[in-house]
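One structure coming up, written as structure tokens, with questions to follow.
All chains are identified by letter, namely A, B, C and D, in their written order; residue positions are counted from 1 within each chain.
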Amino acid sequence: MTVQVGILGATGAVGQRFIQLLDGHPTFEIAALTASESSAGHPYREAAKWRADSPIPDAIAGMEVGKTDPDHVSDDIDLLFSSLPSGVASEVEPAFLDAGYVVSSNSSNDRMADDVPLTIPEINPGHLDLIEVQRDNRGWDGALIKNPNCSTITMVPTLAALDEFGLERTDVTTLQAVSGAGYSGVTSMEIIDNAIPHIGGEEAKMETESRKLLGEFDGAELSLHDAEVNASCNRIPTVDGHLESVFADLADDPSPAEARQAMESFPGVDLPSAPEQLIHVFGDDQPDRPQPRLDRNRDDGMAISAGGVQATESGLKYNCLAHNTLRGAAGASILNGELLLEEGWL
Amino acid sequence: MTVQVGILGATGAVGQRFIQLLDGHPTFEIAALTASESSAGHPYREAAKWRADSPIPDAIAGMEVGKTDPDHVSDDIDLLFSSLPSGVASEVEPAFLDAGYVVSSNSSNDRMADDVPLTIPEINPGHLDLIEVQRDNRGWDGALIKNPNCSTITMVPTLAALDEFGLERTDVTTLQAVSGAGYSGVTSMEIIDNAIPHIGGEEAKMETESRKLLGEFDGAELSLHDAEVNASCNRIPTVDGHLESVFADLADDPSPAEARQAMESFPGVDLPSAPEQLIHVFGDDQPDRPQPRLDRNRDDGMAISAGGVQATESGLKYNCLAHNTLRGAAGASILNGELLLEEGWL
Amino acid sequence: MTVQVGILGATGAVGQRFIQLLDGHPTFEIAALTASESSAGHPYREAAKWRADSPIPDAIAGMEVGKTDPDHVSDDIDLLFSSLPSGVASEVEPAFLDAGYVVSSNSSNDRMADDVPLTIPEINPGHLDLIEVQRDNRGWDGALIKNPNCSTITMVPTLAALDEFGLERTDVTTLQAVSGAGYSGVTSMEIIDNAIPHIGGEEAKMETESRKLLGEFDGAELSLHDAEVNASCNRIPTVDGHLESVFADLADDPSPAEARQAMESFPGVDLPSAPEQLIHVFGDDQPDRPQPRLDRNRDDGMAISAGGVQATESGLKYNCLAHNTLRGAAGASILNGELLLEEGWL
Amino acid sequence: MTVQVGILGATGAVGQRFIQLLDGHPTFEIAALTASESSAGHPYREAAKWRADSPIPDAIAGMEVGKTDPDHVSDDIDLLFSSLPSGVASEVEPAFLDAGYVVSSNSSNDRMADDVPLTIPEINPGHLDLIEVQRDNRGWDGALIKNPNCSTITMVPTLAALDEFGLERTDVTTLQAVSGAGYSGVTSMEIIDNAIPHIGGEEAKMETESRKLLGEFDGAELSLHDAEVNASCNRIPTVDGHLESVFADLADDPSPAEARQAMESFPGVDLPSAPEQLIHVFGDDQPDRPQPRLDRNRDDGMAISAGGVQATESGLKYNCLAHNTLRGAAGASILNGELLLEEGWL
């Protein structure tokens, strides 16, 4: 079975990742690429400044880029992936939803809306049923599903695993790679021999999205998890891979060994892009891991790594890491698309 | 008035910083340089692989390097600065103390000893009186004073300023420069396009030294501050300057504005190497500061910078920064030497 | 004696360097700052996003920024420094020249014009007399003088020193710092863990400007040096300091020792911003020098460093280095301004 | 058919690359791993500090590491790959040769010996017949074959392609990645925000090895190519991938288009690890390529990339790039091993 998919915003950095990841996908086949007005009408190879470290797939290089407009996208497309800038997405996505498309979006708009599922398949697949609420509210035939921000997605799997011990509070500090800001987001003068203790809007995203992902949906309403989440976000001179230092207060006070075990055994899902094991935890014999360059590509960049689990007076501390443009962006949207298919929403 | 000083371990990275900083010092004059056996007997320019970005001062280049042994150091030396590896220092420093020398040491051994002052002049100058206890305990004529670890020294001034609001807990994550590990401590293969979530022994140093620095000395005994301090230490690809993200729980729940004010107005000291204002705080209009490359050299690398002060549910979060080999190492020892002189211990 | 100077394009990266360098200048006093329309009317501290690693000088912070238009600049200004983008400069500079101003410009337009002196004070001060030709040709009361491109200025002093042996050909490859492209010229995604073998227009600049600088002016016409100059320009992940590898064919076939001696003894000039010795040459005992981070700041960033001088079958090879935004940009224009004053052109 | 191979020096950086590359090799199967005395007797996972960005292959992790001594290596091994430090290799390799082993070595000793083939399969496969001379000279049953240095191997394919136009001289400047110095060869303090214009012995290797690779073997004696080769070698802050700027003087003065065509059409070889096309040339529409991070992994890191081909007064200039630890080290030795098998020397 083949599902025809389209990519909204196909020429940008995340758009290029979608194309790389969908090359050879067992089910999804790219049938439409859209971009801004100026790129429309050109073959992809001309419209995109391709900067990935593998060549443009042959089938894509000559494909014509279309307008990001439902009237210009074929009805045969079953699923759209969106990596539009959030300003554009907040105008364009509703038009596609009105027109009946199912959209798996990486854009940050609407992530915290009451009737939009914000989903990581391994963590909260049940939130998909918010689509019913969404359709009732908005009168859409289509469906809009979001994946979280790259810094959120790195930490939340570990918190989900530890929540069996009663998560009460987390103080997290991020060391984020420059690719998370897009191709031109961080200049070289800003970051070489330097670090920047601020990423606009990022801390609020981590603090709210985490509580939504860990929240409960009772079939009618979604309640946020009541843990306190405090985030401090930093940019460092690394290309790919977000590393995060987490302090977690847990009601049941597990030992580091119990915490490691909870993470290691946290169940994965059986979807094509999902890793068999969601979280890999380094033990005390490798206290200097995970590291971005060595661990970001684990399981094609879709696994979460953790390590350095130690007790503190109030709970635990540990580190976690994920590939921010694979598990944290394009890969996250594709995995959500696979979940939509599996659950019968396409 | 001129005070003759010596440098134990003068050829290493911190030793070179001592020489740079003491060049042109108003009171201290270098009269002795020591290093390992193999360097002894050679002029400094041959014994040291000089890697500073300014030439070796003329007066030093030809000075003969001596053995690190009290029998080979002149009695005219009033003060010794030590930047020996801690393993060596724990053997050699006592010999110099026995011989009656006053030693201001950057080495990590004995920092937590009950009778050794661990001092930042602006924070806890009164702890110097522990020297009396030390002399009683150990029968030394000399005196041993330590400065804290570079990562500790970056944060503690801000905590000292906030302690008027009742410090209860801090969760701190560091982003540390490679120079903190010495010239050969971190290989390029380990750190380019990467980060390392572990620095051996560093977290324990921050957790214990902070509580000693903020503790009270009643004339007989020093009690540690009872705040909880949890540290997570990371190395990043930055040459100089440690940046730290701090979460602080404070009993009196000050507003961010009150916290900023407390830091800005925290009193400095009147010593030659001390900045007029200890802590400079960036306001909400510059949320991306402090940054290592832009702010580490403030006041000749001796000022602390802070910024990003915001409220959390439980308290505050903010960032702080200091130059790790100036305020955090050689400059710290020299400042302690100036305090010893001022307080009449030389 | 004080000379009132103005800076055209004062808010950009090179403009900020002008302000840093002129702070405390013995003769030049900043009396006017201009920038684009949108900045005009605002105090400098608001108009500029200040990114230098020292604070804005107090006298400048509150100075009002004016329009880059001769009608809005006071007639009391004796000298203008220009660091405008070349597209803007090619329109605006002639207006200032028409209005009678003397302009020392770092912008690349008109550098190769027959009647514009392209000058390094130590190399070709006599070319200043081209101003007479310029005034005849263009009917200007003012005078336009240019300094060369940063990559050119790094190499040409060494070639000038070697030309006593008859320079016939040079093949030069550059390793250039990112600051040369301005604050936003190179993104972090382009350069971290990478290098770029292309800098638009740079190779042609090196190939032509070098021959003009080394050329002869007979009072009427300037003839280019007839050496062959081939350049290959690369960008690398370094903040400041251009390093260049030079192969030089010389008619008289000097030994490496003779070449070193010629460089070391090449005469400097007696101007406030000039280093006493123009070129410092590292010997065979330090084959790994010069290095950008260690040597770029020599003599306040105004000295040239060289090293690694060795014989080849056809001539010599060696390396040279200069600070690209000090000796290579703002410092170069200021030095030319000092020469203009010395030679009586102001 | 399966060939049993061993790796001498299996725990080092190049040794780890051998293991990665041989995992899944169609013909070669690792049957022996050797290392220094202290590692011998331990399973590989304990003996090696594994730093590759993929896990140790399962079949290797538990394999016992043996002594680097012919008496401790099984006679069933048909081929040994060597990545020993050259000092060790110059003592140990002869012992293996005496014992009759065939050794494909990446170590730099003996590369310029008259009777040792220094081979790149696409360039000079006929040099393998030097093995007959070698056996006559040395009385060995085995055979020793070397691959060139990583910086040499990056450039020589392009020179070989251009030699049809009569190569007379080349001036080459390298921008080399830190991995070429091994895991600990370059410290972070040496290279962040910096570049180093010296790599011990590297320039001489490029200058001599190139002429041997391009030289002629008449069945009895190998004569070096008579072109002049001048090299200037620099280290830059890049993890993997050597970029080189080449100036080439060619007797027949080809146009850039002819030069590009000669490189693009240079024949490959039909061996398992060889790329189908040896040299990929970027055209004028992509003047900023090749770049290390984007192009080093082409064809599993075994292809050469070139670009920026332009005319100079005396000839041509262009850039070339290869992955220094794949095509430039472990991959080069494996490819030579495949050639030995193909040509019947195993």
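Operating definition for what follows: a residue touches a chain if its C-beta (ideal position, glycine included) is under 8 Å from a C-beta of that chain, and two chains touch if they have at least 3 such contacts.
Predicted model, so just to flag it, every value in this text is computed and none were measured.
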Co-neighbours of subunit A and subunit D resolve to B, C
Hey, which pair has more contacts between C-betas, B-D or B-C? B-D
Which chain's centre, taken as the mean of its Cα atoms, is farthest from the centre of subunit D? B
Please work out the Cα centroid separation of subunit B and subunit C, and write it as a whole number of Å. 40
Taking each chain's centre as the mean position of its Cα atoms, how many Å separate subunit B from subunit D? 47
Among all residues of subunit C, which ones touch two or more of the remaining chains? 51, 192-193, 237-239, 293-294
Would you pull the subunit C residues touching subunit D in the complex into a rising list? 169, 171, 173, 175, 193-198, 228, 230, 232, 234, 236-239, 243, 245, 247, 287-294, 307-308, 312-314, 317, 319
Subunit C residues within the subunit A interface of the complex: 13, 51, 178-179, 183-193, 237-239
So in the complex, the part of subunit A that touches subunit D is made up of which residues? 51-54, 192-193, 239, 293-297
